[in-house]
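Dropping the structures in below, format is structure tokens.
Shared chain: chain A. Partners: chain B in the first complex, chain C in the second.
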Partner chain A sequence: MSNFFYEAATKILNSSITEWKENGGKIVGCTCSYVPGELLHAAGILPVRIRGIETTGTDIGDAYFGPFICSFPKCVLQLVGKGKYGFLDGTIITPGCDSMRRLDECWRKAGEDYEGIVPPYFYYFDVPHKTLPHGMKWFKEEIVRLVNSLEKHFGVKIEDDAVKDSIALYNKGRHLLKELEELRKDQDVRVTGTEAFAVTIAGTVLPREVFTTRLEQFIGEIKNREPVGRGKKRIMLIGSISDDIGLVELIEKNRDAIVVAENLCFGVRYEGHMISESGEPVDALAEGYLGGSICPRMFGKYKERLALLKQKIDEAAVDGVIMQNIRFCDLHGSEHGLFERDLEKAGIPCLKLEREYGPLTETGRIQMRIQAFLERISSK
Partner chain B sequence: MKFAAGCDVGSLTSKAIIMDGNRIVGTGIVKSKAKPELSAEAAMNAALSNGGITMEQIGYCVGTGYGREKIPFVDETKSEIACHAKGARWLAPSVKTVIDIGGQDCKAIKLDNNGNVENFVTNDKCASGTGRFLEVMADVLDVDINELGNLSARARSPITFASTCTVWAQADVIKYINSGVPIEDIGAGINNAMAKRVAILASAVRAEKEVVMTGGVAKNRGVVSTLEKILGYRIRKIRRADPQLAGAIGAAVFSLEKLNGYQKEAV
Partner chain C sequence: MRQELLEYNFDWMMGCLMDGGAKAAKSTPKEQQVLMRYMPYFNKTIDMILGEGEAGELFLKMMCRFFDNLLTAHEKGKKIAATTFCFSPAILYAVGAVPVTFEIMSALANMTWKRGAFDYLDFGCEVGLTETSCSSQRGALGAYFAGMTEELDFLVYDTPGVCDTNANSFVFTATYLNKPSYQLNYPQRLNDERTNRYHLEDYKYLIRFLEEQTGNPLDYDRLAEVLKEVEKQDTIIADIEDMQMLVPCPMPPIYNMFIYAGRFICSGLPEYTLALEKMREKVRENAEKGVSGLKSGVEKRRLYLCYIDHYTVDLNFWRWLDDHGISHLGSILSKSFAEGTGYAKELEGSTYSMDTSTPEAMLNSIAQLNARLPMVRSIRGPYDQPNMWLDETLAIAKAYKADCIIYNGTPGCRNTWGMVRPFARDLEKHGYPTHILYGDAFDDRVESWESTRTRLEEFFTVRGLL
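Up next is the complex of A and B:
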């Protein structure tokens, strides 16, 4: 695997962040994929997705969150409390779900006990749950508010033309990720799921120019490789927050398995659609980020989400779907029950895996279930 | 003459089975040690000496259990799910649902008509509703784990436990002991709580007759009889071998099939 992507995917403080800071650049962290990175990019700010990897425990997180809360925001707060996010000049919190919304208040509360952990810019970016006209209108207003707030705090001007340029650049990355996804559909797939996942995760933390250039090189390089998936069971990985390439590695440790598709909120789920490059940029961003959203927090879209999964399953000739979610994730946990019912009915084997976010514990049990699932697919 | 072997390195006990054709000729069961390779070796040595066989006579060996990747002498590994399904089918060919309760995990497996795994559920990292739960409770009650199941038959009004969380239930048990509740009623309550928990697993895979229980807890008569009441039908009794050995038997049957060149399913 490319060491460059691997480093970005497995280290919070990767070398491009260090470099960005050394050059005096500003960095703003975002907790969810609903924040249009283009706005920050147009302001000359580096947007990075806030993650919870590299935690070894959650004593700080546990002190502020209740026991029935997803372990992802706990791990984030743990890192924040340990000062690992000291490089952030700002944070934008989004109510991706209720647990993530709580990060806003817990982070601020922890800031009273741990000095200097609340960045000077701390912003709550609201996201409606519906894409009906009133929801869209609200989301556009949120985008305008965010632009005004960024301009005021960082003393910059976010011009429409600059945003349009950023959209074009981001679209280039989306196009490349789509191309990578297409290559994985091939029967002679030439890239492992672990590599592809590392690349998509790296895309959420790297400067976009760097990411796009490297991704273009990477795609060119893998086209000339030998196939890696012959005779293996083709797995799709879906579900709630997961940015741990260790999970994909665990699946692919089984010699007869390769992950050829995923639908996870890091990467292709949100990068799968283009943002319009014509018209008002605010409208285009709203339509793309909210209108194109296919995450289970959005109301009334189950059929569309199921249809998209089935389409991906067909196109990538998937043999089985692994549905992972973090414990206490109501959104994905309940959705997986429905997916399992509908996909199994359509003859697609499914495995539900509930796990904790953080250092991959329970790998023995998870691996046993994965192996049994692969055996089940093979016996079909 | 080559023998088929199966080795199941579990969290609490390690088991090995040696088969000559379709007959079990060697059985080994030992307490698991800190290193899976040592547990596997001890179980295998016990089975070899039990059958009067040497390692060189083993033609193929399948490993399973949490320590499966670390067993040095296996030719292949299989998941516990596959092995318990295979073992249960060897023990009771008409089986459709397997409920296995081991030392630290519990699983329910649904088989199709060909004996292939159709669906399965397992517990997560919590050990509630597993053999460990019963061990802890037996310890608190100061009864032998093998005696716990017999308490149910002698109970007059079993206690109801609100949860199978080992920590909470343990506190409850101590409370009842101190308030003078007969040990039989407490023991029956523990077995009932366990059975209810297992019934949830069974319903999760939509259990169908015949249901077979494997793993050490299958030997607890109190749990089995309550489970039968909840399910509304009898659980098939296993007589061909100790139900705790099902995983190792399944592994040995896989080996046997390998030696037979997969020509026919060994039943």
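Up next is the complex of A and C:
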């Protein structure tokens, strides 16, 4: 695996972030994929997706969040409380789901007890749950408000032309991720799921120019590799938030399994979804980030999500689907019940896996279930 | 689902229980005794409701009307719309549809069955809902998934981004049962022009959906009629709420539940108005005498429930409050937020008013009313944002002279569990002893009533409240 991508995927404070800060750059953390990174990029700010890796406990998270809450935001708050996100100049909270949006209050309230953990710029980006005309209008207004707020706080001007350039750059990265996904569909797949996932995660925290250049090189390199998946069961991994390559690694530790596709919150759900480079940038961003979104927070889009899964399953010749969700994630958890019903009916074996976020403390249990699932697929 | 449960329809059985209960009100003691033999697990609940005299009887009659509407809807060519307690059913009555509110059905199942709603809760998980999903819908949904109810025609809900677990239950049900659905959606703020416009626009799309589903164009004369009835009901509720501020509180604790149960299933129906009028009469009578609405007549403490109440077997929670001389000052469910309500004076822009002068004004009124129902009003955005949950709780606690505050909910309520600890700490900072209950309002297996009772006793004792 590329050390560069591996380091970015497994460390909160990776070398690119350190370098960015040393050069006096500003960094803003985002809690969800609905924040258009292009806006921050156009302002010369590095957007990074806020993650929960490297936690060893949740004592701080537990002191603010209640007990019946997803462990991902708890791990994030833990890192915040420990000062691991001290490099952030700002944070944008999004109502991605109920657990994540309460990071807003919990982070601010923890800031009353732990000095200096609330970044000077702290913003709530109100993303609607629908794409009807008034929903799109609301979202466009939110984008404009965000632009105004960033300009005011950071003393920058976010020009339309700069946003258009950023959209073009981000699209290049999206195109490359799409290319990587196409390579994974190949029967003679030359990249492991762990590597591919590390690349995708790295894309959420690296400066976009660096990421795009490195990804282009990486794709060129893997095309000349030997196949790595012959004779293995082709697995698709889907579900709720997952930014830990350890889970993919765990699946691929089994000699007879390779992860060839995914549909994860941190993954490549929208890799092929380009943002329009013509017209008004705000319209294009709104259409791309909200209009095209079918993640489970966009209630009522089950059929679209199922169709997307089936398409990916067909294209990548998937043998089985592992559906993972963090405990208390009902959005994904309940939907997995429906996916299981509909995919099994279509002859696609499924495994539902509920787990805790954080260091894979449940490795043994999870591995046992994965192995049993692989046995089931093999016996078909 | 166990075979014996499949023998009788879930909603039909509950309708029969309500009917029996209502009839018991006018029967002789001997007749009552015989009747009660046929409703062994509803005895204590019915006893408590009928113990409220005519108000209890009218409440049961209102419930009977609700069940009669529901159980005969299809015979009468009407559509059944599943909805939630955060959505005003008035609009459904206006378009000629019959509402069924899942949370009310779950609460009833808990109050009336030997095993509460356990079987239905578990069956919900069997078909795919997570065991961490909200019990307030799941308690009824199991029966719907098992086909033990009148068939739903469509679903309407309004909780995405306010309570994702609630919204998720609806979207799961719509998908599982292959029924059409529409969701209203609320921005994080409440009281600004931009948000109000969004509410109205969204509501107009809802109307289109309802017209499509029922095949009936919205009759604005009918809507005006329903809204005027709602206005009348809001005025009575406001009167009761005002008297509830008196010391001692002249309102019996269980009236809170009567008020909001009616609002969630019979808003705009005259049966609800009748029950409210009788309640107001009783509360006024107590107020004039200067006596408490508690059975003992002696008020020891005043409690505000900042979230929801507790509904498991036999209405134990309500009985406990009454037995201990604790006045129930309401909860997030019972406050109407109609214009002019005393507690909302300090919460600018938090209320709605009824204007039936034009179709547009009517739509705006009901859209704004809907936006102020429980949860969608106060937990849509950060709790410490102006006029949200913290401000609202403090304003109510102050207006009603609460001695303490209790949070009670369900483990499924991700949205409040996400911030209830700092919220409770903030209330304490303002001088209100605040207790967080960790049980489930709809599922005794999460924490038995005995344990909940012990925790309540501990709180009141340790904090020197009793």
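Convention: the second predicted complex is superposed on the first by the 377 of 380 C-alpha atoms of A that agree within 3 Å, B and C clash if a C-alpha of one lies under 4 Å from a C-alpha of the other, contacts with A are read in each partner's own complex, and residues count from 1 in each chain.
Here, a residue touches a chain if its C-beta (ideal position, glycine included) is under 8 Å from a C-beta of that chain, and two chains touch if they have at least 3 such contacts.
Note that this is a predicted model, so its numbers are computed, not measured.
By the document's definition of touching, of the two partners only chain C reaches A:Gly300; chain B does not.
Shared-chain residue A:Arg101: touches chain C; no touch with chain B. In the superposition on chain A, contact of A:Glu262 is made with neither chain B nor chain C.
When both complexes are overlaid on chain A, the residue A:Glu38 reaches neither chain B nor chain C. In the superposition on chain A, contact of A:Asp330 is made with chain C only, not with chain B. When the two complexes are laid over each other on chain A, chain A has residues 327, 354 in contact with both chain B and chain C.
Touching chain A in their complex are the following residues of chain B: 66, 77-82, 105, 116-120, 122, 124-125.
Residue ranges on chain C touching chain A, taken from their complex, read 127-130, 132-134, 160-161, 163-165, 167-172, 174-176, 181, 183, 185, 187-189, 194, 198, 201-202, 205, 381-384, 411-423, 425, 436, 438. Within the complex, the chain A residues that touch chain C are 63-70, 73, 95, 97-99, 101-102, 104-106, 109, 124, 126, 128-130, 132-135, 138, 141, 296-297, 299-300, 302, 327-328, 330-331, 333-338, 340-341, 354.
On the chain A side of its complex with chain B, the touching residues are 327, 354-356, 361-362, 364-365, 368-369, 371-372, 375-376, 379-380.
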